[in-house]
Amino acid sequence: MKKIEAVIQPFKLEEVKEALKAIGIDGMTVTEVRGHGRQKGHKEVYRGQEYQVDLLPKVKIEMVVPSARAEEVISALTAAAKTGKIGDGKIFVYDVVDAIRIRNDERGESAL
Amino acid sequence: MKRILSMLFLSAVLASQVFAQAPAPSPTAALEAGIKSAQSSADNAWMLVSCALVLMMTGPGLALFYGGLVRRKNVLGTMMHSFVLMVIGTVLWALVGYSLAFGEGSPFIGDLRYLFLNGVGGDPNATYAATIPQQTFMLFQMMFAIITPALISGAFAERMKFSAMILFTILWTLVVYYPMAHMVWGNGGLLNAFLGGKVPCLDFAGGTVVHITSGVSALVCAIVMGKRKGYPNEPIKPHSLVLSLIGACLLWVGWFGFNAGSALSSGSLASSAFVATHFAAATAAGGWMLAEWFQHGKPSMLGGISGAVAGLVVITPAAGFVAPMPALLMGFIGGIFCYFMVVKVKAMLGYDDSLDAFGVHGAGGTLGAILTGVFATKDVNAAFKDAAGNALPVGLLEGNGSQVVNQIIGVGLSWVIAGVATFILLKIVDAMVGLRVSPEEETAGLDLSQHGEEGYSLES
Amino acid sequence: MKRILSMLFLSAVLASQVFAQAPAPSPTAALEAGIKSAQSSADNAWMLVSCALVLMMTGPGLALFYGGLVRRKNVLGTMMHSFVLMVIGTVLWALVGYSLAFGEGSPFIGDLRYLFLNGVGGDPNATYAATIPQQTFMLFQMMFAIITPALISGAFAERMKFSAMILFTILWTLVVYYPMAHMVWGNGGLLNAFLGGKVPCLDFAGGTVVHITSGVSALVCAIVMGKRKGYPNEPIKPHSLVLSLIGACLLWVGWFGFNAGSALSSGSLASSAFVATHFAAATAAGGWMLAEWFQHGKPSMLGGISGAVAGLVVITPAAGFVAPMPALLMGFIGGIFCYFMVVKVKAMLGYDDSLDAFGVHGAGGTLGAILTGVFATKDVNAAFKDAAGNALPVGLLEGNGSQVVNQIIGVGLSWVIAGVATFILLKIVDAMVGLRVSPEEETAGLDLSQHGEEGYSLES
Amino acid sequence: MKRILSMLFLSAVLASQVFAQAPAPSPTAALEAGIKSAQSSADNAWMLVSCALVLMMTGPGLALFYGGLVRRKNVLGTMMHSFVLMVIGTVLWALVGYSLAFGEGSPFIGDLRYLFLNGVGGDPNATYAATIPQQTFMLFQMMFAIITPALISGAFAERMKFSAMILFTILWTLVVYYPMAHMVWGNGGLLNAFLGGKVPCLDFAGGTVVHITSGVSALVCAIVMGKRKGYPNEPIKPHSLVLSLIGACLLWVGWFGFNAGSALSSGSLASSAFVATHFAAATAAGGWMLAEWFQHGKPSMLGGISGAVAGLVVITPAAGFVAPMPALLMGFIGGIFCYFMVVKVKAMLGYDDSLDAFGVHGAGGTLGAILTGVFATKDVNAAFKDAAGNALPVGLLEGNGSQVVNQIIGVGLSWVIAGVATFILLKIVDAMVGLRVSPEEETAGLDLSQHGEEGYSLES
Amino acid sequence: MKKIEAVIQPFKLEEVKEALKAIGIDGMTVTEVRGHGRQKGHKEVYRGQEYQVDLLPKVKIEMVVPSARAEEVISALTAAAKTGKIGDGKIFVYDVVDAIRIRNDERGESAL
Amino acid sequence: MKKIEAVIQPFKLEEVKEALKAIGIDGMTVTEVRGHGRQKGHKEVYRGQEYQVDLLPKVKIEMVVPSARAEEVISALTAAAKTGKIGDGKIFVYDVVDAIRIRNDERGESAL
């Protein structure tokens, strides 16, 4: 099994979710994160005091999928999340040793 | 000011001594002066409170009600629409507004006699309010001129450029609000039912002047500006109904100043308007929640506060003319009617009136103005008298059907003026600075793009 | 209404001219009319403000105070309890409530003379308030009928079905509140100290009628409904003490209308009640915080606002009867007493009064009602007079021990009526629709399960 | 209290009957009594409202304004500074404060005649306010004594020990506020322009007494206590500008009670002060936002509300002395001046006045006090009269240059007293309990370290 | 070393924490997340506009433990988090290359 | 590629960010988390009810970096985040199978 971890633009979450459902992936966990990278942040001013905000709101999506489906997921995800502009985000892939469904102790891919 | 008071006191004492000796008529005059002063102070006490209450409706009231309904990234930009009007509306009013609205003049607009509040001081302006300082009357009316354009902002929330909003608001106030206020409330105004208007249209506290004008203009704004990015496909949820509840409750409380204050005195008419206002708010909130209960199986907080505001809108033109039980009924009808407009009609027509400024103020104001012609009664307010001074029937139910006609004329005129003027003004402003923020700015939110700040920074 | 005013003005002018010629008696009568009008307008100004302030106590005041104390998932459901009472309490009052509470009738309940507010208009009802329109008196009393049941909601917060809450509230208002209000304040009421009650019990603004009834009913609710899931093992923390602070401050400010407004005029008695109210709130907040400081080494914001509310409760029945220094003392005692009830006694007895409606309102109301009998003084309010019209001692410290007995009788009666009736009503409601939400709904929260909405959506 | 009223009514009725027969003088006296009562009730209505409004400025107003500007972890600790003053300020005032401020006595401090409010009852104190109960006057002035030290807290927010804050506040109130209040407003006070002060300094509602004293003390606090950890390198952002907006709007609304209430009556002077107050707030908000717009290309909500408060501060001493147009101007100047002080000067000098209590209240109060001497006019308030009772010129523009000198003397004296006393008091408190929390506590936040609670628990 | 990553029902957090303490695991990091899977979401209605909310509040617990203890942790965790109803959540297991305790630069298992 | 996952004290975030920028690492994702470990929590009291809060606010920083740079990043990070007091936090290192830049489908180290 592989874990697909994608950091995307918040306003792309809906589209990505749809795209994943479309290919039958509906197990996912979403986290509000802040990201820093090439995309430059913005300036905020409070009573004359300027703050350069370089951590921008992003959304992290984690899916554990059978290794066989990884590429398919990645391309669906990339397609849906892409705007072509800096800040689109990244996808990282990790190996997963095991998965357990708490409800019924199922293990491995059948637990996904 | 303390000296002034003690002197006043002294003179009073002296006076009383004088009376002791003085001949009959003299004391009477002095006593009448004392009574006049007491009556004026009493009415002024209530009116100053009403001024404060109506300002509170805009800030923080409306700012919170609207601010809570938008997404987190637009909360400041939305509240700013109300707040900046406390600035713009005040300055315009002081310089020219009061004069254009309440100066004598044509049936359509006042003259410039009160330019820069020239001659507006501590003495009453008997034409409008014989027992309070004209400055108080000016203040009270100013608070109306502040909140009315702020109501429109519900329609273009989350997407209008701040510079465009300011420009539009200034023009709208000059071109739509002042003339309408003069026509309905100004001396010699076309629709003024008490000061020689050709078409006596009853509007106690602003059904036409405030709510129809703002509501109809809101509709035009929504249509001209187009939908928000992602609407209606992506979820656009209120970011804090808690803020909206605070705002709605402050609107409710402030509305007592708005409506009961429109009695311009603290006598029994104010009490009567207070009762009508509260009753309509309550039943409208109930009506809206019941409608939801039937339709979705659950009454909601958003429904309750939306209904309350709708009821307050509906009763506004009628507050000083109708009895308690009709007020209960008007609110109930209004709550259900506005629910229908906001939930069904808007969906049908598909325009994006972000916060339903039209569905609540435009629709509710129209309904209220017409129902005022139905339920108004001489027992509450002897608006019309015959030569002998006997009260004549006022509303339809009392047998004065013509009043409904007059109300409809007033409504129609308000619709046309607000609709046409708003459309033209938007085109002008668009040409000058552009109405909408860029898609990137809209995505980032108005708080960052227009004001360079964030509503909340909750990271520990 | 503008014509009315100008006419009023005209007639005044004419009048004054008349006086010039007219014979002696005539002007006097006219002047008295003028004085009466001025006095009425003055008192009405303050009373209308008081009405607005007391409504503000419920919404947004109490809604925020309670809403901040619950978990995020229940904030709307909790605020809704206060809000919906602004609807229900109003409608019931307009239809039957005012009549059942203030109509003549038996010592226990009023008759139906004011059904649908029949005959309740602009003229004063001299029995209750000789200088203000009866409509104002009706409004003011209505605001009390709205907030009282809302106070109970603190006890069953986070677990009661919305439908059950509405049903219970309606029945409770009819069966408990109206009779109690009539007994204590209604003409001929059993406990009315001024209008021929058998047991003259002093309750200036509602220690028995408002706080004991709601507080004791809250205790019964807490016991009958059982504990919240996870209480007291899992942490159940206030989700926003910021909201609770806003609410508490608005309660404090609104209480000036509640207590000082209960003078039903804006004379010196109102000022005296205002002083007592503010002083007690301050020392009670201080007392509670000091108790915490000693016990935990830290005074808390939650402690401060809880104490302030406790002090306001304690002083409510006494506000118009006690001098400033005793008020300071009563508040201090009250703050510490309620701290003890909430922190120690509740823990000992182990019932789950979610927001301590009993610990604050039941306990504080009881203490206040009794202390009123101790500290009441004729120097502040000559409540009792002998045949010759000389003021008699009022409180225990003045030598009228019997008053404490009367107070205790009033307290006892309130406890019994509220306790028994609430128990029976809960059983009835449970049988009809069930009191509690399902465990799943309780886990999901009232906002989603009862209203299908969320308090906050803070995702960017 | 109901009996009282009905009796009052009865007597009125009887009286009127009496009049019918009675000889001339008798009725006059009775009528004058009636007029006096009506006038008093009218003024008292407005003043009681003003008391409520000014308390609302502190809680929730200032608590929210300041609370929103700090980091999440300090929100309760910051709001507590305002809240605890509603306790401390009240108790001190009741015991000794009112007497020290308004008792006769030396030009610098009052005597102890009103200790424990002895003799402060329902009758007016004609020296200060001839038409309202002295208790009302006492209440109104108390609200000022509560908010003034609360304003200082903006300077030491996010780092002061709670125990130290309490100790400092108590001492400061005794040593700085009561004397200053006596000097400017007390009978025989050194600077009292109406009651025999040597240096007649005009301060309508507290430019010197309230804003300069608190603002200058704030500066000293900021310097003595040193910077917050990480300031100015790490970002220290307001955690909720939404709260600050609510607070600012409530301050704005409450300020009507503060300034217009300082007329101590509800006559036309109150209306005039109301106008000046609102106008200055509006133009100052506009001025600050425009300054931002030029400097950063964006006007901000924080700028708008900061400007509004600055304008309210600037107009405070002038409210009852200046005409509407000068008020508009004063506000605008004030908004830009305070922007400059907060944004430029503070950065230059580099002290850490956390919430700019000095930049707004100290700077604004100083500017306002001086401009009062420039714009004050006899047309609004005939402050000075010659023997013949003719109004003399008041402000510089009317040709009374000496007034500006007097204003400057008053300003200078306030600066010195506040500055020196605050420095000494801080040293004393530091020696006694230590001023600052430990670095660990500062990192954890005041909410946890000082009060053992959190402002928000938003985890679902 | 292994990283045990569990996504559970928020209201189970307390119980799970206790269960882990009981077996001597007290190093953990908790994150508020939203999850999507078999469990169907709920409907929200705002002024007639319906939203199907399919991302539900969950809590993610991460623990890095010695490989030897992984199974023990998993079973303790599963036991405590289980309600038997859909939505109970999942556990994922990953390999950990190294661990460092910032305070004293300790490395490997001793850093846990 | 390696993923460096650090859980640090919130008030150290700025310093750590600077330290990482200093060595040319500017791709990172930050998450607000709550942590439990050796560091003992604090007590909160609400109306007499005491709560022992043992989940303390922490910040999690995730960076995917070329394996070659892992050590360098770790030491920079450790240095910046260290106070020497209990609660400083941990760093965990994981293998990364692949990385994709959504904007342009770049893969592998060049996507970082």
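Just so it is clear, A, B, C, D, E and F label the chains in written order, and each chain counts residues from 1 on its own.
In this section, contacts are C-beta pairs under 8 Å (C-beta built on N, C-alpha and C of every residue); 3 or more make two chains touch, one makes a residue touch a chain.
What you see is a predicted model, and the numbers here were worked out from it, not measured in a lab.
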Could you tell me which chains make contact with chain D and chain E both? A, B, C, F
Identify, among C-E, B-E or C-F, the interface equivalent of D-F, where equivalent means over half of the contact pairs coincide by residue number. C-E
Count the C-beta pairs in contact for D-F and for E-F, then report the pair with the higher count. E-F
When the C-alpha atoms of chain A and chain D are each averaged to a single point, how far apart are the two points in Å? 53
For chain A paired with chain B, centre-to-centre distance based on mean C-alpha positions, whole Å: 48
Touching two or more other chains, which residues of chain C qualify? 24, 31, 35, 38-39, 41-42, 45-46, 49, 235, 237-238, 246, 296, 298, 300, 302, 452-454, 456, 458-460
Junction residues of chain A - those touching two or more other chains: 31-32, 44-46, 94-95
Under the touch definition given earlier, write down the residues of chain E that touch chain C in their complex. 11, 14, 42-46
Residue numbers on chain E that touch chain B, as the complex places them: 44-49, 51, 53
For the complex, give me every residue of chain B touching chain E. 232, 235, 237-238, 292, 295-296, 298, 300, 302-303, 306, 342-344, 346-347, 356
List of chain C residues in touch with chain E within their complex: 230, 233-235, 443-444, 448, 452-454
Quick check on the complex: what are the chain A residues that touch chain E? 3, 17, 26-31, 64, 94-105, 111-112
